[in-house]
Structure formats: structure tokens, C-alpha cells
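One structure is given below, represented as C-alpha cells, and several questions about it will come after.
For reference, chains read A, B, C and D in written order, and residue numbers begin at 1 within each chain.
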Amino acid sequence: MGKPISYREAITNALAEEMRRDDRVFIMGEEVADWGGTYAVTKGFLEEFGPRRVRDTPIAEMAIAGAATGAAMAGLRPVAEFMTINFAFVGYDQIVNHAAKVSYMFNGMFKCPVVFRCPGGGGKQLGATHSHTPDIVFAHYPGLKVVCPSTPYDAKGMMKHAIRDDGPVLFIEPVPIYTTPKLKEEVPEEDYIVPFASHVKREGDACTVITYGEGWLTCKQAADELAKEGINIEIVDLRSLQPLELTAAIESFKKTNRAVVVEFGHGHYGVGSEVIAQLQEKAFDYIDSPILRVAQDQVPPPYSGALEKMALPDVPKVIAAVKETL
Amino acid sequence: MGKPISYREAITNALAEEMRRDDRVFIMGEEVADWGGTYAVTKGFLEEFGPRRVRDTPIAEMAIAGAATGAAMAGLRPVAEFMTINFAFVGYDQIVNHAAKVSYMFNGMFKCPVVFRCPGGGGKQLGATHSHTPDIVFAHYPGLKVVCPSTPYDAKGMMKHAIRDDGPVLFIEPVPIYTTPKLKEEVPEEDYIVPFASHVKREGDACTVITYGEGWLTCKQAADELAKEGINIEIVDLRSLQPLELTAAIESFKKTNRAVVVEFGHGHYGVGSEVIAQLQEKAFDYIDSPILRVAQDQVPPPYSGALEKMALPDVPKVIAAVKETL
Amino acid sequence: MDKSVLLDWYHTMVLIRRFEERCDHLYKFEGSIKGFLHLYIGQEAVAVGTIAAREEGDHVITAYRDHGHALAVGCHPNHVMAELMGKATGVSGGRGGSMHMADITKTFWGGYGIVGGQTPLGTGFALAEKYKGTDRATLCYMGEGSTNIGYFHESLNMAGVWDLPIIYVIENNKYGMGTEVSKASAEPIMIEKVKAYRIPGERVDGMDVFAVYEATKQALARVRAGEGPQCLEMMTYRYEGHSVGDRTRYRTKEELALWRDEKDPIRTLQLECTERYGIAESEMLAIQEQVMEEVEESVRFANESPYPDPSTLYDYIYPVQEEPLTLD
Amino acid sequence: MDKSVLLDWYHTMVLIRRFEERCDHLYKFEGSIKGFLHLYIGQEAVAVGTIAAREEGDHVITAYRDHGHALAVGCHPNHVMAELMGKATGVSGGRGGSMHMADITKTFWGGYGIVGGQTPLGTGFALAEKYKGTDRATLCYMGEGSTNIGYFHESLNMAGVWDLPIIYVIENNKYGMGTEVSKASAEPIMIEKVKAYRIPGERVDGMDVFAVYEATKQALARVRAGEGPQCLEMMTYRYEGHSVGDRTRYRTKEELALWRDEKDPIRTLQLECTERYGIAESEMLAIQEQVMEEVEESVRFANESPYPDPSTLYDYIYPVQEEPLTLD
């Protein structure tokens, strides 16, 4: 274990280690080389790995998505960065209708080990076009793995998984937690991998709170508050949205009989919707009260700070929802 | 009332009537003019309305979506046809991040009366790239209305609504029911409008089946079968996926205490997920058994006919799900 | 050229410059502007010269670097500043922010945050005007880096095929973020690039407001004569970083100095005014002072303006329906 | 040119022609082929001439009109036909269908149903080979109508900026569905259009397999010499409709006759073989008969092949992981 690192450092380290380990791994995207990445994730990479392996692209998300996919099919392991997930909409067809389909459509003939890195999330006063947490519009489709870590430990281990995975992975990184001091933690020096599977991240008995990505920190803070009142919630981190594997959540729910799903994207047709649909189906006899959701309001993110915050999940909203289930 | 017309004729008639009524309405898209539309929806339009109002475009879904949106902002009422909804992925950013946002982001300054026509659906052996029912990836966002009629009557009235609506409407037309004889019905000669709101389309008491679009016909057939066994299901047609307004479904559910959601898209993060999440929240005390879903399996549509059908909803699957809830 | 016109241009260019400098300060030191902030400093002649050439009703649409265009079309600095601070009195009611400013009363359709996203929209305005049979033109602005995205290609091709009344104004400031034009565009000369759509292009000294104005006038005349889409490649430069926070390591101080110290559009205009048109320096100084006040007033106005009322959060998700959807 | 090579080309071209005719019949009258069916009849010289020029390992990727390419790279007609019938023995296991045929053993990466969708993928293959330092090239095919979509622009620009080893083969058959090239492309001459990326282009008589072969050989040599991306515009024609069912009302019988009766690539090659190379007519007749048998055999094989086992429905949603994801 070394010194505590941030979420962003964890991703930087995972990328660098994988690049050192495997020459097939390379980075492409807008401003990833000279600039070192808009969010400085690949700072120093150009110096260490050179322009062959750290490639600035034109502003061309269709080609970024597609050329990375093609390079993956032809034997490389590209990590394509969309500067933000909002811009991945421009390459949407290539992601969900090409990368996600080639394995199945061609009967398993092709591998497609591409990673689409997507810094995402809102709350930064960037206005409606730049503040999406649209994770489910990628996770809706079979064929594409859609994952989103919530801690530095997971971020590093899941990025390594994503790079070594033989199929396409859309890797969501919530920018709001990139450097959050509270989230910093030590991670192993040795190589490790974190599976794309949900797990209990904090134990409790009062209510199961299911979340992922930046939701973890919010839920953890809510848990700390609630603990002061003697309410101990159990937090399940989904880690992966597609495939979605709910064993841990279901087990927990069977214990607590109550659940809240917390997500930063819009609620409609969201992560919570799916989790609830499955929980009530697979653990029907255990529901003691409605399963609630805390999600982004059904309104495009306004620029103005206070207004924007109103529409986003926060600690008080999580606490209120938990209490409502009790 | 005239002679019975098909779902497709209903759309054709609505378009033609609106074009006759309002010069601001025009059609643009690939092969809509000379060819008369790939699915012949605009056959004869070029002859009646001329090339100014019926415009063939290059194969350029980004520009089709964007130029139609721009023309709408500047005072026209474009009906932009995506040859199929699969190709709307190419224009995805323009649809969900521009058309859907301009009203809110610019504080209501602009209207945006554009209609995106999207023939959709699978089951036609077109392979994974061409067989999507991806309705929720559009319906996830506030700002865009996403609707899908299930009958000729609704199709005509909802298309008129869509064209007269001052905001952007993504209008989904399931190709599998375009010409289905069983669906043909007489529609009023007079002008009429069908609201974008859910309603009970068939009354019953045993179980509430919630569906929309091509699901209606499947559910109706299932209902006829079930009726022979004395099981009378109530069918709610959602009509609109965004905004999603569930009053009719909730009322029905409070009566039947059982529900099944039937949709032709993938189940994960699907329409059923959201409907269930809301039902269990808003009618918790009325749930007698798990609310079930019948949806497309979580697998990309294979070309081979039998395999493809396996993965899609059908009458026996609906019947089985209904019985399971009883 | 009429003296009052020149002074008007001078006023707007200085206003943009001072306004942007003030924004920079507010962002860095007062924290009252948030989000991304893309300054227009150095490029003032482009917005001012092109927009001066338009007729009323001609459409204007641009990208996220849009304060200059907003001020040039005549949005009040108070409302532009209020928008930057997310206030209810902002041009977009505080909902849009720096990247998304618009004013429908000036047929200014806004800044758009997605690179290239405005290009098909502008093309749609042109389509609408041609459809309606008016002789309104559209000025559709973009950076040179934005010509590499699919939007550019699909839009210009559509405009070409349909002969639409639009001018694509490419503000070639040499960089798209940190990427120099020739690293991102296989054909770095924009007027060559648009030949792929048979669109005539002209390279213009974007630091010279006269040249900008003249070229735009002529291009507008061609558009109105039915000659179809036009392209103007404005050779210009942004003095500041891509957005506040960018330390511009990708370019040399010498390069910056070359543009700023030798080609500055405001100084060029100022010299022209005094030397060619015999305008007294005092008149120009007066304008400078007036601008300082306008800018300070805008800060005051914005600071004092209220934030949007929380109860408005759900307004305008869908536009207000004008003709009711019931039948008569 | 070696006689056996000519006969090989002749064989493949006739095979494609007869195969496609048979597909048309199966679709219309026997109902054993479903979905969309885009025939390659008339364009045979393009796939055969270009692919004959490639070295082993050079990549091939194309659009949905892909049977010709599949047969030209050497996929067995049995497996191509089985794919069309959705059988487990099909090249893509019956999962892809007419539009999505591939064979990795021949570095044939498939047909793709989304217009232009293959273009960035092919660009990615070229990137991979340049990265690996091999001298493999990529042949990336598309129709002229597909040059209007953003994919084209972004891909060719990227290839231009990065000097990638790729040939964009534009099969200009004059129509994209019912739309004539000049109604959809503001610049209807493709080799002019690609100048926007500084990509050298050559127009080639796509009905003459020799010309196609020669032009491709030379372009491949330029690619391998490090000269970067190339474009070949193949002037060709499809005799049948866009897909089965299209009644081709958008073109005249005379136009079709001009191409089919005067420029047919198979007849041209046949004449060349007999007149210039002195090949006996009987040899060519023998090939024709052999092809008839191959085609009938492919129908037999496909008809008798099993459909995919229902238990395979969930296979390969994700590729089978080669190196396990645990740590050693």
C-alpha cells in the first residue's frame, strides 16, 4: 500500500500500468496527448509513451468511437477517451450499434477489446448540453459492458479489468468525484483486478441502499448521518450496469426488507427503475414498504447553480428517502 | 367514418391532411419524395405537394435531425423521417441534446415544433443493426416527447397532435403493424386529435396489462385467448413514453391488484422497469403478486428467423405472464 | 464609411474586450461566474464586422464562444453578464450560462456547447427562409476545429445540394483547444475544404473589421442573389486560453505577441479612425470610458439581480403551446 | 497476366452473378431468404479486381451489399448461401444475414448495415497496422451515397491526419437507393470530394476488371510506400434494384441498357480472354457450367443445413475471454 490516492489518480495509474504491461494498449482522444487530457488523467503519458501510443484526435467522436473499435477488432487494446460522456452521443451509433454488436452478429468470430472512457456527471454549472449522466442509454443494450466505479480502489481494478476484457467496455468516470479528498484511499501496489459485479460496500440492517458511481459517496455520507440516529443502512454498489447482476442487492434486501436506489441520472427509465423491477420480482415476499428512488429530477440541467443543485440527489434527499421506507 | 384503414394509411392521411391545412408543414428525409418513402408512407406526396414540401435528403441523419430542428425553430413545422429508428442513432446528439434542450436552455424563448418520424421494431430478419426498439433511449430525457400509437385511430390523431405540438416529438411507428389486417379500423372523417396520454383500451378485472405500440395487438390477442378461459384482462395503452403519465394504469391496478408490462424493446432499463417502479411506489398497498414483464430478451437480435422470434414477446409469453400473476 | 458607424464598431469591439477581461477576473478572483468560460478576446473584429453587415432578420447562430456575438447583435451587457452569473435577468434566464446565450428578438439563436451542433441548426434556418421565400440569410459561425466533425460535412453538403441562403463563418483562430489546425484537419485551409461542397470560400483578415465587413457584405449579396451557400474563413486569434484555466502551453509567446501586438483589431481600427477618418482621440477615449462604465454597470446589475426562483425549475421543459391542441 | 489468373477472375465474377441471380429467385419465389437483400449484379469487376490485387492479410470491410466481396475473398458459396437462409453453417452462423457476412480467416471483417458505419472501423484497422508496424493495407468499400454521412468525413480526415495505410474504394453506381448522386452530393465527383482530406483519388472504369486490378495494385503500392490514404472511385452500375422489391422507377431503361448491354464486366472480360489471350470458348463454358453446379450445390447445402440451435441464442453476446481475467 502506498499513500492515499484520488479516484482520478487511480485511473491514471491503471492506464499507465496497463500500457507498461502491454504494448497493444494505447490511448486516443481529443487533447489526451499534448494537453494531458482535459481533466489531466493522461498527464505525462505523451512523455512516457510517445506519440504512437498517446494520440490526439480531431474533434470527431464518430471516428474516435469507430476507429478505436476497428483497431480493437484488428488486435489492439485501445482506450478511447470521450472528453465527456455528453460528446459520446455524437458517436452513439458506433458504440451501441457497432462495437456492441460485432461479437454477436458475427458469431463470436471477432473480439473487440475497446474501452470507451467517459468522464461524466453534472452539478458543475455547465448547462444542459454538458451535464448528462445518461448511463442507461448505453446500458440498455446487451453486448456492451457499462461500468462505473465508485472508489479509487475500484476505479483502478475495474479499469484494468476493462482493458483486459475481450469485449467493449464503456467506462464511466464521474468527474465530480475525481479529486474528492474524502474519497482518497490507499490501493495495493500489486496488480489487482476488480470484477464487474455488485457487492455490499457498507453493512447495515435498516434499509438497503443501492447505488453506484458518485452515488456511493453521497450514500456513505447519508449513512454516517443516519448512524448517528442509530439507523444503519446497508449500501450495495452495483459497479456494473450492463450486465446487471443483482445478487448482492437481493440478498441484502431479503435481510432489510427495505430499499432505496440512488442514482445521479434522470429517474425515468433509470437504474432505479430496473433495480426495483427486479427486486419486487425476485424478492417479492420481502417487501415491507415501497422501494424508493433518489435520482435527478425530470428536467434538463439548468446552468444556474442553486437551480441545478435542486434537481440533483444529495445527502438530505437520501436520508429522507431512507426514513420514508422505515 | 369511411372504410377501414391500416395503421400506415392513418399516418399517411394525417400527414396529408396537416400539409393541406398548414403550409408550414413539410416532409424531409431519405427517399420520401421520388420513392414515396421506403415504407410508402408518403407515396403520392411529391405529386400533390411538390418538391418544396416533400424533400429528399442526402444520407445524413445528423443534418436531417439538425436542419429539421433549425427549421422548426425558425417557424416551420417539419416532419423529418428517419428511414428507420436505427438510423436515428446517427442523429442522436441532435435529437436528445439539441431539439430536446432548446426550449428549456433558452428559457422558453424558442418553440421547436419538429416531428421525428421513426419507423421501428424488429422481427423482420434484418439483423442486429436494423432491428431496434430502443424507445427508452429517447424517452429517458425530459424535453423530448416520445410517443407511439398502437391503432390506426390513435396513429392519425396522435400524428396530428405531434405536428401541432410546439415542442419536439419523436413519433415511433412499429413497422410490424403498418399493414396488419386485424388492426384495420374506421376512423372519423372529421379532424380529431388524440392526446398523448395513457388510457384503458380494453376493460377487464383479472390483471392489468400495460403496453403500447405493437404490444397492443399482441396483448389484445392474448386477451381474446384468455377470455376463452374466463380470464378478463384490462389493457392500458401508454401511448406516450415521455412524458409518462400513469394515472390510468394505477387506477386499473388498484382494481386488479396484478400487472404485467409488455414491450418489444429490451427489458433492462425498459418501459416495464419504469412502470413497475412507479406502480409499486404509488399503489403499494394493492400489489398482490410480483408485477411481471414481457420484453425482448437481453440479446442482440439475431438474423435467423426462429432464433429472432424466440427473443421477442408473443401471445403465449403474455398469456403465461398473466397466469403467473393470478 | 460613416463616422458614426465606425465609432459604433469601435464601441462594440472595446465593449467585448473589456467585458471579457472583466469576466476573466470575475471567474478567477470573485467566483461569481462558474462552469466553462470561453473568452472572445482577440476575435472581436469577426463578430462585429460580420454582424454589422447583416440586415435585420438575418439569423445568427454560433458555438459556445458566444459572448462576443451576443454583444455584437445588441444584447445588453447587463443581461449577458447576468446570464454568466446564472441570474434570472440573464439573456437565457440564467438557464443557459456562458455557452448558451440567445436573444430571439435579435434573431440570435444562441451559442451551443456541442462542437458543430449549431451547424445543422443554422442550415435549418436557411432552409426555413428559402422555404418561406424571404430573402433572409443566416450567419452560422464555428471554429476551425469544428470542421472535422460530421456535423460540418453533413450540413455543408445539404446546404450545397439545396442551395441554401447561408454563410458559414469559420473563425480560424489556429487552435481547437490545444490542437493546431494542421494536426486536426488533413486540409488546413478552410476555403479549400469547402470546395468539397462546391461552396465558394474567401479567406479574410479577421483582425481587420473593415475587411470582415466588406467580405460579409459581398457574401450576403451573393446569398441574396441566389448563389447559394458561402464560406468566409476569418483568420484570427484568441489571446487567452481556450477557456479560463488553459495555460496555453501549446503555443509560443512569440506567436501570441505577433498577433496581439501587431495585428490587434481594436488598435487597427483605432488607427484607422484617427489617421484615415480624422476622428479625435478624445472621442475614442470617451468611448473607452463609457465602456468601462457599461461593464461595471453590468457587473452591478448582475450582482444585484436575483437567482431564478426555485419554483421556475420546471418551466419550459416543453415550450408553451401557442395554439391550443383542442379542436375548434 | 497469367491465363489461370484470368480464368480465376472469370470464375469468381460468374459465380457472383449466378449466385446473386439465384438469391433473387430464392427470395422472390421460394421464400427461403428473408430480410433485406442487396444484390451485387453489375458490380462484379470491382470486388474481384480489387481483392485480386490485395496481399494476404490485407483487410477488407464493406457495407451491406456484401455477397460479392464475401465470394471474392474466397468464402465458400455454401456458407454464404447458408448465411442468407439463416442457417448455423452460414459464414456468420446465421446471425448476421445478407448485410452482415464476415470471415476472419480471410481478414474479411464483414458487411455492415448502417450506411458509413464500416468507414471508421476500416480506418481503425489501418491504424492498428500502422501501430503494429506491419505493411498490411486496408480496403474499405462504400457506395457513393454513403459519402454524405458524417462517418465518411470524420474517417477520411483522421486517415489523412494520421497518414493511414488504407484505400477507400467508392463504388459509384450512380444511385443511393433512388437518389441520383448529384441530388445527394453537392460535389458529385468523388475524387474531387476527397481532396478535402488531401487524399489522392483516381476514377476507374469499374466495369473493367483489368483497370480495377491495375489501379488497386498501384494504390496498394503507394499505400505500402507510406504515401498515406488513397481513394479509388469505381464507376459502376447495379443492374437490379437497390434491394429486392425496388422497381427502379428512378432510372430509365435506356440507362440500364447502356451499362448492361454495352459495358457488362463479365462479357468484357470474356471477350478479352478469348480475343486477347486466346482462351478457348469451351474453357469458359466449362467454368460457367461449373458455377451453375456450385450455386446449386450451395442452395442444396444451405437448404439441408440446420438452423442455429435455440440453445445458442445467448452465445457470444460478449466475446469469449481468451486470457482469463484472474491474476497469475
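The working rule: a residue touches a chain if its C-beta (ideal position, glycine included) is under 8 Å from a C-beta of that chain, and two chains touch if they have at least 3 such contacts.
Fair warning: this is a prediction, and the values are worked out from it, not measured in the lab.
Visitor: Using C-alpha centroids, which chain lies at the maximum separation from subunit B?
Guide: So the chain farthest away from subunit B turns out to be C.
Visitor: Going by the touch criterion at the top, tell me which pair is linked by more C-beta contacts: B-C or B-D.
Guide: B-C
Visitor: So the centre of each chain is just the mean of its C-alpha atoms; given that, what is the distance between subunit A and subunit D in Å?
Guide: Averaging C-alpha atoms per chain gives centres 39 Å apart.
Visitor: Roughly how many whole angstrom separate the Cα centroids of subunit C and subunit D?
Guide: Roughly 46 Å, centre to centre.
Visitor: I'd like to verify one number: the distance from the centre of subunit B to the centre of subunit D, where each centre is the average of its C-alpha atoms, in whole angstrom.
Guide: The mean C-alpha positions of subunit B and subunit D differ by 36 Å.
Visitor: For subunit C, which residues are shared contacts with two or more other chains?
Guide: 92, 94-96, 100, 112, 114, 117, 148-151, 154, 157, 161, 183-185, 317
Visitor: Where does subunit A touch two or more other chains at once, residue-wise?
Guide: Correct list: 57-58, 60-62, 86, 89-90, 93, 97-98, 104-105, 127-129, 142-143, 298-300, 302.
Visitor: Which stretch or stretches of subunit D touch subunit A in the complex?
Guide: For this pair, the touching residues of subunit D are 59, 61, 92-96, 100, 102-104, 109-110, 112, 114, 117, 119-125, 127-129, 131-132, 150-151, 154-155, 157-158, 161-162, 315-323, 325-327.
Visitor: Contact residues on subunit A for subunit B in the complex?
Guide: Where subunit A meets subunit B, its residues are 86, 89-90, 92-93, 96-98, 100-101, 104-105, 127-129, 132, 134, 136-137, 139-143, 242, 244, 265-266, 268-274, 276-277, 280-281, 284, 287, 289-293, 298-300, 302.
Visitor: So in the complex, the part of subunit A that touches subunit C is made up of which residues?
Guide: Checking each residue of subunit A against subunit C gives 30-31, 34-35, 38, 56-62, 86-87, 89-90, 124-130, 297-300, 302-307, 310-311.
Visitor: Report the residues of subunit D in contact with subunit B in the complex, numbered from low to high.
Guide: Contact set of subunit D toward subunit B: 34-36, 83, 86-87, 92, 94-100, 112-117, 145-146, 148-151, 176-179, 183-185, 249-250, 307-308, 310, 312-314, 317.
Visitor: Contact residues on subunit D for subunit C in the complex?
Guide: Going by the criterion above, the answer is residues 148-154, 156-157, 159-161, 183-187, 192-199.
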